[in-house]
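Presented sequentially are two complexes of subunit A, the first with subunit B as partner and the second with subunit C.
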Partner chain A sequence: MSNLVLFQLRKSTVALSAISKLNKTHIEIQFNFKYLVGQLSQRLQSTSSQVVVRENTKREQKRVVPPNYRHIYPEFLPDPNMEFRNSVREKLERTDMINRRSRIEIPEFYVGSILAVTSSDEHAVGKTTKFVGICIKREFCGLRANFTLRNVVDNLGVEIKYEMYDPRLQRVQVLRLEKRLDSELLYLRDADPEFSTFPFDMDAEFLNEGAPVPVNPLKVNLRPPPWYARWERLQPKGAIIPELRGRRKEKSEKWLEKFSEPWEKYDLMKQYRKTIPEEEQDSIYSDIYSELHQMEIASKKLKRKKAFVKPKKTG
Partner chain B sequence: MFCNGLRNLSEIGQKIASRGFHTTAVNDQLHLLSRLRVVDNSEIGKRAMAEGKPPKIFHVYNKTGVGTIGDKVMVAIKGEKKKGIIVGCKQTQQAMVPKFDSNNVVLIDDNGSPLGTRIHVPIPNLLRTILRKKTIAKGADYTKLLAIATKFV
Partner chain C sequence: MNSFSSIKTLLSCSSLRSSTFLQQVRHKKYPLQPKIQNPIWFAKKERATFDEQLTKENQAFVKEMVYAKYGPPAIIHGVETLDLSRSLLKQEPVVSGEWTPGIRRTGLIARKIGVYPMWMKDGKKVATTLLQVVDNYVIKYISPEEYQASRKAPRRYKNEGKWGCLVVGAECCDPQKFTKEYCGLFKDSGVAPTKILSRFLVSPEAAIQPGTSLSPLHFKVGDHIDVFGISKERGFQGVMKRWGFKGMPATHGVTKTHRRGGNIGQGGNKGRVFPGTKMPGWMGGRRRTLRGCQILRINTKFNVIFVKGQSVPGGQNSVVFLHDTLLPLKWRKTSPEAFPTYFPNLQEGDSLPVDIYHESVHNFSDPSIMYEDEEVKDAKK
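Let's turn to the complex of A and B:
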């Protein structure tokens, strides 16, 4: 045999042995994996009930955060859109928000509540201004959280947007704590001015401690169009839409028939994408719960002090 | 045949030109030919508003050509040219800056003194600083406008 043939033979044998080795290892790996899975499943089956019970108890122990925190402090929850998420930034923002809250009391309020905001204003005469109005919009989360107040002053509608964690804010006071039928009251722009007129010297109304926040089922009359938005399509619950005429009526009817989505409220996936899951909410609020709770207690004490009037001696 | 096609095209063009809706969101910018509301009690302003012929902007005295709070504008009112100061905008504003339900203007003369004697709507606090900055020494004094205001927000 020539050298060349020998060389080729050796080569092929080496290749063969390599393949067989590989196959062996592959089989071994497969076998090991199967064994492991089997072991794991057996273990899981035996202890699954225990694990569930343990998890439940853990959750109950963990669940010190009141469930209404997501309504009282909605701006602590991040934006559900994954594009805007950044866990480090969110955490830093939360600590900043807590620090600001230790300086100024930002009370619980909702869209539809009437607020009085005192802010330092370099342009004003006394360097502070006070604005009273109904909260018509609440937007964004974190340090960018803001709310818009609306009032009618001298027959002219005025709206001011305030950022909740703006250092210029000096005092935020809730004059009337209530909710309305909608999550946005922008239709008040197209309603009669009486529905958004509030006196600047309005007194704060008292609500019993622990009482549920009342929902005001008020329905406002809208003026005939032109409007700020197409209310006949959006159909807000708290607005009485006047009878439309002619082409606009036809068009709105057609549109509602074609594009309305009555199944939208059953769309679980849509709801999921728009909200932060409960577990995540718990983890967020449990981090800041102690601070928030301390602040709540302090503010309650202050309120009681203010509400208590020393009886006077008579006679 | 060709003529027919052209006619069809022109008809479509007319339809597009005459459609009665916006294709973009309204942003309430104050620029050339925007209508304003006169909020002082000057004779010409009152008559123009009563007749339903509110003034039209035909020049904004800034570099962008878009008027905001405190900008001087030239308006056409009752066949006359008058200058005015924008004292309130409908456009979305930044935080802490009031947004009004109408675009308000106060008419002034060349020296900056207002034509009326009273402003009967609230005007923004911010205007104080803006007008003080715009006032020229020994020239136009725009701060006279602040003296006739009744309410600030």
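Let's turn to the complex of A and C:
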């Protein structure tokens, strides 16, 4: 942790103690302080942080919603941009999403998981199509939430973007549940086709219940440029970038020197503006928890049925 | 004498009169900007807030009096307002006439609360704009004669003296926020002073008595409406963004004129810039109307109207005004169910569905859309 953050923390503790002396509550400062400590509580141990950590544990005791819901159902969280917020619209959107989920099971999946999607298509033979591919991108929130699947069919890269709440989807199946090192796998477009080729008759792999989602540490070799994006600047973790030569190498080095912002990860206000606060997340998920939980139980029952194989008589 | 009589006969012949005495009419060829005419209810709305040095008890007493007069604070249809059910009228509105084609009903005041996708039954995705009708009340009705006398209408209005004026308010709040004269406007209606006030031109047959509350069921699913409001302010913008000009080439010897408008006219006889020429300037912040949008769904729980399309003027949470469309091909041909407006029946109120969908719209709680095979279709036939 940088000294700057420590300094900020100390400043805010002083402000808080001064306010508590005056017997007044100032929500904003208290909140910022909580946020700061929430970020640093694991690493720092000071008397002031211990107080707040205790408060947090109190809240956790009351909480019903599992903490991993924000990873399983990220699209239920609204856009943090205050320009686009409206509580009534968000509620309506959530009820619509739940209504759709009552008709189709949209399982837990991440970027890097392999999915099979069956959807109705007016122009297809038999009016339905099935596509298998690796999820390379997940975008947006609410009813606009969508994901992109990629596969290589007959030596041709194919990507299909599916809307998660599109009523034309008939079935969404996770064939392999895993994560990758990055939150977007668009570099697969510039990698060898073998990394994004998956057979259409792939069988679903079962994960034990309650087991953590495995992270696949696979690193992909990129072809030499031209590329879809300037990967040398974006530096994805799951891609091995070939060494550049000449002018492009010079340029990229200069750019990294000029525009890299190593302090960005310590910019707490930036993080705050980009995310929905934990308290609000809790209130959102507790509204829809009962419905989601029931759906989960139903899908688990189905899964168990499928996984169970009748023992054969021997001898 | 003879010649005089011949002229007289000429004058008496009307057809000849028009042809012989042609007078030149000089007028501007571009539409006139309407002159600012303050409405009748124009009063200073907000007052400067100053410390009135009231004790806590006095403040509590004033609040109590406000709540006693208008009603306690309540959250109705997801909006914080005052519960006016005690102070409002309870009888049905007096219907002064019957519906005939061309009659104008009142409009509604709403807030634009967002845009999200919906799907039609054939699988087509459409963007819908959500308009929340916050607590709307009729505050005043002004008859055509009275209304006409108060304002000088420009001559281009053909239907002079045809429309009366209905003042509608939305979003009741504490009257302490407003001036005395503004609060006086609401005196006869029994409505608490509202943040938003608007007028709708209505036919005298569709007049509604003050104190009536308006609901989104004033419109029906499938109706076409016009939505107007103040568009987003973009500031001083160039010609490419403001008018969609193409600009100039990026290369081929072009210097300093990549985003400029180019020529705005010639010299000679003209020798000036014609008014109305498209040029850079202040963009947005003007009243704009989106005409003929179809209502696809109405949510009765939160009073939300879902309108097809996403180009309703204004940003998120901005105020917009809705009324029956004036487009000749889409305007109402048959009598509306709610005339002059929807009046909630208490018995019916319980049986109202939460969501009313248009027949072409896919309900999210319906099963997935499946296309039928043509062979199967033919076999069925």
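Operating definition for what follows: the second predicted complex is superposed on the first by the 249 of 315 C-alpha atoms of A that agree within 3 Å, B and C clash if a C-alpha of one lies under 4 Å from a C-alpha of the other, contacts with A are read in each partner's own complex, and residues count from 1 in each chain.
Here is the rule we go by: a contact is a pair of C-beta atoms (placed from the backbone, for glycine too) under 8 Å apart; a residue touches a chain by one contact, two chains touch by 3 or more.
All values reported here derive from a predicted model rather than from experimental measurement.
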item: When subunit B and subunit C are modelled together on subunit A, clash or fit; value: fit
item: Subunit B versus subunit C as contact partner of A:D154, first or second or both or neither; value: first
item: Subunit B versus subunit C as contact partner of A:E122, first or second or both or neither; value: both
item: Subunit B versus subunit C as contact partner of A:S260, first or second or both or neither; value: neither
item: Touched partner set for A:Q271, first subunit B, second subunit C, both or neither; value: neither
item: Touch count on subunit A, higher of subunit B and subunit C; value: C
item: Touched partner set for A:S283, first subunit B, second subunit C, both or neither; value: neither
item: First (subunit B), second (subunit C), both or neither touched by A:D166; value: both
item: Which of subunit B and subunit C A:R189 touches, first, second, both or neither; value: first
item: Which of subunit B and subunit C A:F131 touches, first, second, both or neither; value: first
item: Superposed arrangement (fit on chain A Cα atoms) - minimum subunit B/subunit C Cα distance in Å; value: 7
item: Those residues of subunit A which subunit B touches in one complex and subunit C touches in the other; value: 121-122, 163, 166, 168
item: Contacting residues of subunit C [partner subunit A, same complex]; value: 78-79, 113-114, 116-119, 123, 125, 130, 132, 299, 302, 304, 315-317, 362-373
item: In the complex with subunit B, residue positions of subunit A that touch it; value: 119, 121-124, 129, 131, 146, 153-163, 166, 168, 189
item: Subunit A-touching residues of subunit B, taken from the complex the two chains share; value: 88, 93-102, 104, 120-122, 124-129, 150-153
item: Of subunit A, residues touching subunit C in the complex; value: 83-89, 91-93, 96-97, 99-100, 102-104, 120-122, 126-128, 142-144, 163, 165-170
